[in-house]
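We call the chains A, B, C and D, going by the order they appear; numbering starts again at 1 in every chain.
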Amino acid sequence: MRAVVLNCTLKGSPEKSNTQLLADEVVKALRERNVDTHTIRVVDHSVLPGVETDLGEGDDWPGIHEELVNSEILVIATPTWVGRPSSVAQRVIERMDAMLSEQDDEGRPVAYNRVAGVVVTGNEDGAHHVISEVSGALGDIGYTVPGQAWTYWNMGPGPGPSFTDTDHGHEWSVSTGRTMAANLYAVASALAKNPIPPA
Amino acid sequence: MRAVVLNCTLKGSPEKSNTQLLADEVVKALRERNVDTHTIRVVDHSVLPGVETDLGEGDDWPGIHEELVNSEILVIATPTWVGRPSSVAQRVIERMDAMLSEQDDEGRPVAYNRVAGVVVTGNEDGAHHVISEVSGALGDIGYTVPGQAWTYWNMGPGPGPSFTDTDHGHEWSVSTGRTMAANLYAVASALAKNPIPPA
Amino acid sequence: MRAVVLNCTLKGSPEKSNTQLLADEVVKALRERNVDTHTIRVVDHSVLPGVETDLGEGDDWPGIHEELVNSEILVIATPTWVGRPSSVAQRVIERMDAMLSEQDDEGRPVAYNRVAGVVVTGNEDGAHHVISEVSGALGDIGYTVPGQAWTYWNMGPGPGPSFTDTDHGHEWSVSTGRTMAANLYAVASALAKNPIPPA
Amino acid sequence: MRAVVLNCTLKGSPEKSNTQLLADEVVKALRERNVDTHTIRVVDHSVLPGVETDLGEGDDWPGIHEELVNSEILVIATPTWVGRPSSVAQRVIERMDAMLSEQDDEGRPVAYNRVAGVVVTGNEDGAHHVISEVSGALGDIGYTVPGQAWTYWNMGPGPGPSFTDTDHGHEWSVSTGRTMAANLYAVASALAKNPIPPA
């Protein structure tokens, strides 16, 4: 089984990404289940604005798209900015919009029988909303979202520390991330054995 | 397999519920798959404000809660009011909050291995948001949300007709509702055969 | 100048409302500006489901509606439940929907030239979303929402203490609430002197 | 008085932007009130990812930021993609995040005493949510959002035509856009005469 994590931080490599650090806990728990897991830091690539899979010269999306269709599990990891998913996460969702009209060999939307979850970090409140926004979009596109397939970290109220500035709440966030990995794996496995059939 | 539809219209019986009419298309498609499907019009019952399963005398929620734990499939059907899920839908979600700490025989959150979808009608724009809000809440509680497990009807821009005032778009809404039923059934079946295991 | 605070807690009197305690800080700051401020704990009243101003016998909404049209400032105070505004807050918004077709003496929507703000408490993340949801609905209805006309309190990540269980962050929440009161008062005053004219 | 419209379409010039066409109706109504109105098609500029006002070489945001601080009125015009504001709109909001710590000559957040509104087009449902998301973010940053300071166009249910493919609903969208312009102008004027004072 394969998983891809799209880290939607605004910060390019090699800057430290708090979102990556929390996502890494999910990656670790997926790998314990022998899931071949690959992380892409989207902002390091040129993902052009638009809603088609291949926007031609200078567009790095086709390579990311290929990872998506090769993976049964997708994790979107995003910071919270002004209470909402990052512009990089929304860019990813826009490019995934084209998957609505892409089909697998049996004529199903290509996202069917794949599962998705969300990891959120922020230095302020907003995670539950970000999770609903991203999960809702992925459900539109055809991904199945297992119960409790998310984790997050922040510390309110108001602007606060970043994930690595404190240990507050790490235990809860990591434990919730491990549950997320278990649920992604279990539902992906169930769908692998008994997939949604063609219409 | 059992399904329960919670119709969260603001209108008590016997007033006509547009939301019910669209939900009935999903019910029909579930019954074609031999799913024993039961509809509850929540506003006809006394569901007290709070976040526990049983608020005592005068509280009809315990009966609805029992339907939930007896059903592998949940459909929340709600109108859009001022762009958001109805107060009745939010009341249902609040009462379901207690399910977070209820467990099945093997110690899993009671909503695990159950699936949920959303039906929305409105006389104005708002359906995708309502779907994300309700799906996101149900995912928090532990329900798995299959890809494309929703349908909706409205006709914009601005205030417009109700579902039964026009035939515009009915074909799309019904067809999308049939896909929803197929996906709910398929994912519920997959989880019945290969459930999320205890932690 | 008059203000009305609608406390949308799920808990009836005399139970302690954390939301009220934070809202009281805003009330205090409004009164320092000689704003005649009145608080209504909505759940103590019978507010029937529907979208008209007067649903007849047993409906306490008409009295609350009268407070709204007598007040230049509205504060909606609500807890966060499963990341969303309470069912009581949504009920209030649904009943206010009728104000869209009510006009003042000069033919303007009755909410014009009134201002609104939002107070949120929770034992988990969700406040910014609740603020956007409630503010967005009130803007639809015609209220002007001043910049930074909100405050909130919670402490993440995950389920945490209630407002009164800790002093963490109180200073920020109170200070932000005082800014909120100042901004509500300033914008209401500006509109009193130079109202939005009839179309 | 000055207004700036940020068109957050994904399509670069000279491609036709439906969002621009609806925004132009608001521009026209602002100009009738002698508001000096300038439109920027954001995607034609290089707006780097980040949350500071000047990200250095290759960053076109500082010029847009200057327009913002020179304008009493801001209009964000955005398409709906997968039910949400465009990635370009979210990028704008992220860059505006820095304005939270920028102050005017009297020590107020720089967005105070400015007003904002939202124009949305889509080929599917989502506008009210987009309006709440963008307005909520701008309110966080300090903009005042007048009542009914938005317009939108779409035609549901499901994927449908673009704004220029049909005349359906144009009258409502244009009329609502004219109301939006009137309300932005009136509230900006009121705040110009009686600004929110320094704390």
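Methods note: contacts are C-beta pairs under 8 Å (C-beta built on N, C-alpha and C of every residue); 3 or more make two chains touch, one makes a residue touch a chain.
Predicted, not measured: the structure shown is a model, and the values here were computed from it.
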Distance-maximising chain from chain D - centres being C-alpha averages: B
Classification of the chain C:chain D interface as same or different, half of numbers criterion: same
Selected interface, A-B versus B-D, where C-beta contact pairs are more numerous: A-B
Centre-of-Cα separation between chain D and chain A, whole angstrom: 29
Geometric centre distance via CA averages, chain B-chain A, whole Å: 25
Distance from the mean Cα position of chain D to that of chain B, given in whole angstrom: 35
Multi-partner residues of chain B (each touching 2 or more other chains): 82-83, 128, 132-133, 136-137, 140-141
Residue numbers on chain A that touch chain B, as the complex places them: 109, 111-112, 114, 128, 131-133, 135-137, 139-150, 179, 182-183, 186-187, 189-191, 193-197, 199
Touch list for chain C against partner chain B, complex: 10-12, 43, 49-51, 81-88, 90-91, 93-94, 96-97, 133, 136-137, 140-141
Chain C residues within the chain A interface of the complex: 82-83, 124-129, 132, 152-158, 169, 172-173, 176
